[in-house]
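Just below is one structure, and these are the notes that go with it.
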């Protein structure tokens, strides 16, 4: 039997990616699509690549009949999402792809997002949606907070190293390369083909990137003491994909061992043999994350590289993975699509 | 029950694309992978994006045990393919992705490919693999010849117009835009990122492109008299995708009507409303072909645009579609993957 | 002695390209830069790639002191440009890069641009800025109308063929490939890296592209009777560059001969040997236009390919070329920069 | 009066870039072009973008008459270059773009390049070609060794910091992003458009990149003790450009101050205001290097970003800059071409 699914905020890239994934999902069925600015339009008018699908037209969120919905994905903007979710039926399962429920501490949320949290009462029940590390809580959750796409990539590279105590917690640098779709379908000059083509653009450097809030929360929790990493993000001339190059101090083979052990049973996380590194394109369009570790010529230093597709494993694929668990399905249902190369 | 599949020539792009598609196919199982130069290697060493799959290692074609194989895809180079196929068991079903069995007339083959055909005795039984137009023959075939990727795109745009008699047969121009993967995994200067990036490169213009041999054969057969189109191919700075812009003479609405009627029941071919045109990216990674027609300000002239993914609908997806029919499966089995956008 | 130059509308791509070219021009000096939305800003804040230059800050057009200006380039939006130019001193030399003075007939202007012309009294004195064909008039002109970038490319390919009477005037098809910067620095969804990357996007097909107004005017004048071509434009995933593929009927060698003869003495126009075609990247960043002709296998048919850089030879380079003539300088002054490859 | 120039190894990208730059150089004239594999060909057949220039045909090195040559640029492969240079006239000025004379210590050369040095007797007279830091020696030199393109970028970011003693010498990490042309015109699978497009590819990580030999030599010399940095290079989907993101420990404002002071009088090196960072495209096609510094939220940590064009400031532009000095010309002669954006 199919689960009836609503997507709120379906007109953005993560909304379209949810539709793409659910299109071949064995037990999910899209019952409602909502999007403010595009309400009244056919989804195929907003995203012609979906024209082969029989989809409901876009409506306003308030016009969705949630009575028959089993689970809603919220791909709304930060701030709006918390407001909307606060007004949804209490028995509706929700996977939120915004940033609103990622940060447990409302004060920290306000620091990073520049405004008070819109629904602080819901924060305690929200489960952080990094499936591989919160599986049990997600199975039991009503509200799951999808992680930041960069935050997911960095955590896949670093959580096991922090947990295993094999790296220096005070000297972690993430050099991040992120493709343009991570900025959403927002028409801004620096995201234009004419400008980003043949370009690399540093942004939010020096500790300003909001996903640091997630790193701080999660890494500190694992370590049992404050951990504050450094992160240098760069926009790269590509549509999809994230590369985290983590420069860490610790024994490289111990780091590789910790990653291999942590992910040995994971369907979506692949650790390459020691000394091999993944390329970004190897996971494009898929729910996989590839990881590699090399030792440096400088003893006691290692480089960890993690790659994933920001729209899939970094957001919408992760969201479906979490929804699978919440709905009692196989975690991998609908998500074993092979990466697209070349 | 699964059909046991061999892929001969698995180390090229079409081979890798076959593996990608079969990875989520409900009733196909890869039993053997063969590739001359890469024999002895793991497929994941040749294509790391496939490392999540349990695949047999690459072997030499002569080391494949065809006893347990139900169907073989041959993605070998032109010339080699015919030779190899001539030596395969007579009861093995074969989908050939090379050019060797596309051209029925051995003399025409020699004209276009510059050498005598290596297995002319097999030509009579080979069925041309444009599924939507040779469905019945393909269902009954032992040997199916996959079409050229550009030839497929152009035929989707033009066959119904020729069949319906709504365009001038002596004045058909195809302006073709083709992405780099159509040239295969061959390391040539003009295919380098440094050279093709920010470039458009005309090639094989003036009547030299080999896929014209297919157009001549097919269009003449439909028309019942010789038809020789003009075609101007361009390499474009992209990895996947083909755009055919066909400039024809005839009533635009009649042209649109002919296309709409021809494809009304087709799962993979979508004709847009009159006056709307598809973009290349809308079918990326999928088995779909999108078509559109606009009328020109010059009366009696129309422009037809067809887009597809050269590695999917243009070759490996088409091959799986044909194999589905040959194996008695649903034609769409494993092929309803939604396009990847953005 | 240097000529004192003002650029009105300096914050767009053609404005920035003018600055790039004038930066190494031997006898031009930028005295004023004007731009409405960016007035008050340093040019290096709008375009950091120009930060090595000592440039005046951006001001509003009305704050420019035209007293000391010898020539003004107007790179303002269509409509605005005519209004502004109507208010400029009568003795100021002007090269307009907008569409406002390209079309001689105000009624035709209104048809193509959807509003009445803002300064019809100036139309008679405006000279069409295709330098190679209006050289004498431009030398004597006060107001020169820069051509459309696509219109320039198509005219370089076709004017000599029409003038020589070697092609069928009623059967000319231009298949156009245009890079993203031709659409200007305007933040629109379809121009985003995430969307245009790995894409080809047909637009303004069927006779809607405004540059057809220029083709109609010019080709009809040459032919001495109405000529209406067909044109199919496509956006391609590149930042700079235009490819015109002209499908014409006529003797290919006669066509090649007409082009070779027409451009034999031209510094910027290069006709390749018969049968060779140019690639788009070969002229990037330069004021050159490369042309080639191939004959088709269908007798009496030829394909002409023209490539140029839309921001240089297609607009700002052409503008400087015209300004050189208007100021009594060498036509090639400052414009012999070699193309950038790869 | 013009200096007569020979380019040995003119068929590679750096050779073509030398021709591009010399094309508008006021006092250089290309007298001979040599290239082994392409000997006998016109340069315009190898690089059609140079077809507007009157250039000598390519010949074999042994067929060049060095009698009338003032200066030779050697853009030959590593190893070959030293051999060829050893056989050139002793009074010929030479700028070598290969790696052969960058490393002063023949043992270190052998370690990094895997074979004994082919002309160790010439090593003592070779001057390291980082113009801004070896200006006086270069003015007096006969043989100048052009730096590695990545090595140049990293040194522009770090030399002043090491010299000023404002960063921890034992904790320097360079995260490098390099475009495809840095790998030369070599047809390799991983450099294909189809593979590198939409990709990021880590390479030579962990201390294997040969340019580390230059960093070791130079940084240790400045510091007066061994300095061994860590470097993580990535191939990015672009044709030209390098981004160095240097993660260092030290006071960010002191770092910015050191850079600003070091480059205050330099024509080609621009340090942005504290807290601003450059983008890669801002220097494309030019001889400029842009630098920026941001402080991190973690106290005592800074990120320095340096961008340049690998083919210009990273190799051929630097080579012309050095040649200018060796020939007694203005250092900036022919090199003030503005960057090309977009």
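For reference, chains read A, B, C and D in written order, and residue numbers begin at 1 within each chain.
FYI, contacts are C-beta pairs under 8 Å (C-beta built on N, C-alpha and C of every residue); 3 or more make two chains touch, one makes a residue touch a chain.
It should be emphasised that the depicted structure is a prediction, and the values quoted were computed from it without experimental measurement.
Chemist: Counting C-beta pairs in contact, which comes out ahead: A-D or A-B?
Modeler: Between the chain pairs A-B and A-D, A-D carries more contacts.
Chemist: Could the interface between the copies chain C and chain D be described as same, meaning over half of its residue numbers are common to both, or is it different?
Modeler: The interface of chain C with chain D is built from mostly shared positions.
Chemist: Which integer distance in Å separates the CA centroid of chain A from that of chain C?
Modeler: 45
Chemist: In whole angstrom, how far does the Cα centroid of chain A sit from the Cα centroid of chain B?
Modeler: The separation of the two C-alpha centroids amounts to 35 Å.
Chemist: Just how far, in Å, is the C-alpha centre of chain D from the one of chain A?
Modeler: Here chain A and chain D have centroids separated by 39 Å.
Chemist: Give the residues of chain D touching no fewer than two other chains, as numbers and ranges.
Modeler: Residues 13, 179, 181, 192, 194-195, 197-198, 237-240, 278-279, 281, 284, 342 of chain D touch two or more partner chains.
Chemist: For chain B, which residues are in contact with chain A within the complex?
Modeler: Residue positions touching the partner: 13, 16, 19-20, 23-24, 47-53, 181, 185, 197-198, 239-240, 267-268, 270, 278-279, 281-286, 288, 290, 336-342.
Chemist: Can you list the chain A residues touching chain D in their complex?
Modeler: For this pair, the touching residues of chain A are 171, 173, 175, 177, 179, 192, 194-195, 197-202, 205-208, 212, 228, 230, 232, 234, 236-241, 243, 245, 247, 275, 277-281, 284, 292, 294-298, 301, 303, 305, 307, 342.
Chemist: Please give the residue numbers of chain A that touch chain C in the complex, ascending.
Modeler: 13, 179-181, 183, 185, 187-189, 191-198, 237-240
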